[in-house]
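Read through the structures below before going on.
In what comes next, chain A is part of two complexes: it sits with chain B in the first one and with chain C in the second one.
Let's look at the complex of A and B:
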């Protein structure tokens, strides 16, 4: 019996392009498994956005449109309003979703669009080489906060899952991590819920994934997951922040 | 069909519906707000998508998303807010998506004023976004053309998979005029070979502008310009008025050309052989015909409500064949009268006849 196989949602000839130890690979794998399990491949239109997350379209054998930086939730709104029978989700980084695209992200949530969104939070701009972003932790050294993030110069990081949960049109909002097997399982369950609320037409389903960026954090993959546990989870607690199916 | 008295903005809105517009995304700005108001009443009732976007940036990106599925989608806006859309128009050109944008011009730069002006010629015709791309631009001169060119805007956008602008101004948007809703005259366009619909029985499709392979990217930009060349050969539109024996040619676009025609008549009554040439497509610019006409004219005078933007294209088209001048006494937000245009031509002709 085959116990481990590549999800059918993956392209047959995909080339792994992320850095070693990056959590993008695990996140995309979970999404691909769910697309298989929920039988969504034939009706999915994926919206990627700018940053490392954009390369998702090189992995998955899905119909896909690339949004300009930050505009994924607006582009996805257009797709869904034009074709309400399709399954539409976005895959974005924290800079994309919660800095340049914060207005689009929150307003899509306020409108209660039937959309799902997965946001990778790695506390930095990965593709451009590790600059300060909206989720960079206090004290964190980046290439544009060389002495660490402080209040005087940079202000505070944003808690994305909580902000999305505050929007009345949000059906589900959760924060998960990929540092341990149990957490990976919880992450998959959360993404599944975020997909299902769209299928039921309940509103926005959102999952923020605390993720590693070993290259720009200058850490081994193992140390990077320790940082997720020891530093990120203190500021960004894991959990379900809104679930209207439980209320 | 009978003519009815209708405001330009409402004419554009109803024409979009007649053209099969399925989705509208917009944000209010004077002097085009009535388009969104009208559609907010009509579209939900007809089961069509109407979204009050949180910004013009969001609106144009919603159009991008809707167009990626092959849907007929539109946004409308004005000048400074159209500036906000430029990044996505560049994406739409590269993605080859049939984005429809109506710009009812204000007077710029900046917030400017809401009065009629033509300061967005460069932004529309040469593009305000990054990289090498062009957009087809239609410039109506009356409410009837607002209807007919809205039809054409949808058709050309979908036929060539390229963003198209309908460039009106505050006068056209706000004025009422008798017009007739003719039937949408164009055939449906098959988008089944490229539109996103889910990877059902085929490989997934990717619509993107991003390409790390530089050779493919170079070819992509060249292919875009092959398409623009084809559009230039097939879709150029212009109007001529009393040009057969014209020695003095007035050139203008949009609503202002109504007064150019009146000036031509007035000049003819005074014995001056004047004519008018009006590009209806600002891109593709009708350069061949203008070059031909320049050969028979002592002077070509461009009349614009800006600092001389189409003047650039007129000079390029005339290419030194005859004298080209510019009459633009008030570049931002005030109408030019028939009398002052006529006087400007007479003054210029005195110099021409005096050999100056």
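Let's look at the complex of A and C:
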């Protein structure tokens, strides 16, 4: 019996351009599996962002629109309001969602748009070479914090899932990780929930995924997952921060 | 019969699947693939695969294209 196959939402002969072991690949596969399982392929308009996430439209066989850096939730708002019959979701990096795009992300959540958003938190600007981002941990060395992040110069990292959960228009907000098989399964369940609240018209469904950037962290893929567990989860605890379907 | 199908030319040699397989049935290949990587291969002479799909769940590159149980 066939228990796993490449999701149909992928284009034929797609080629991931991600670095070796990068969690972006797993996150996009989970989304593709859900698009298959929920029968959303013909109904979806994907809004991509700027960062390593941008390449997603090259891999998935979906209608897509590309937003300027940080503006995915604003562009997705326009798409969804023009075509409320469509399923609209964004796929964004931490820099895109929570730095340059923080206003767009939080205001869409405050407005309670019928949208789903997936944010890849890899504690850095991956695509541009590993600069300090809004989620860079205290002490973390990046190309723009060569002595490590400190409070005096850079301030503190943002806890995205908690901030999104504080917005009254948010229906679901969770933080998940991809470091182990059970966590990958939980991540898929959370993304499913974030998709379903949109389908029910309840508001923003949001998932922050703690992810690896082995290249800019200068770590093997295995060691990078250890860092997610030992360092990132201490500052960014996993969990569901809001779920109005459970209240 | 439980087994997996690997598209070796998708493999970027992260080797995360090797640690994920509870039966230790995935090994580094001795030759390079089209990406210039020592890809992985499925090696199950004693037919120990249980079709759990842990390897495919772990693989970030969809190099494991099918799992049969």
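By our rule, the second predicted complex is superposed on the first by the 247 of 247 C-alpha atoms of A that agree within 3 Å, B and C clash if a C-alpha of one lies under 4 Å from a C-alpha of the other, contacts with A are read in each partner's own complex, and residues count from 1 in each chain.
As a working rule, a residue touches a chain if its C-beta (ideal position, glycine included) is under 8 Å from a C-beta of that chain, and two chains touch if they have at least 3 such contacts.
Since the model is a prediction, treat every value here as computed from it, not as a measurement.
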| item | value |
| --- | --- |
| Fit or clash between chain C and chain B when superposed on chain A | fit |
| Which of chain B and chain C A:2 touches, first, second, both or neither | second |
| Contacts of A:60 with chain B and chain C, given as first, second, both or neither | first |
| If touched residues of chain A are counted for chain B and for chain C, the larger one | B |
| Partner chain in contact with A:78 - chain B first, chain C second, else both or neither | first |
| C-alpha centroid angle, chain C to chain B via chain A, nearest 10° | 130 |
| Which superposed partner A:196 touches (first chain B, second chain C, both, neither) | neither |
| Chain B versus chain C as contact partner of A:36, first or second or both or neither | neither |
| Partner chain in contact with A:222 - chain B first, chain C second, else both or neither | second |
| Which of chain B and chain C A:181 touches, first, second, both or neither | second |
| Partner chain in contact with A:162 - chain B first, chain C second, else both or neither | neither |
| Shortest CA-CA distance in Å separating chain B from chain C in the superposed model | 19 |
| Parts of chain B lying in touch with chain A, wherever the complex brings them together | 22-23, 25, 49, 51, 53-55, 57-59, 61-69, 71, 73, 87-88, 91, 95, 196-201, 203-210 |
| Residues on chain C engaged by chain A in the complex (per definition of touch) | 10, 12-16, 19-20, 51, 53-54, 56-62, 64-69 |
| Chain A - residues contacting chain B, complex | 11, 41-45, 47, 54, 57, 60-68, 71, 74-83, 86-87, 103-104, 107, 111 |
| Complex contacts: residues of chain A adjacent to chain C | 1-6, 10, 15-16, 18-26, 29, 181, 184-185, 221-222 |
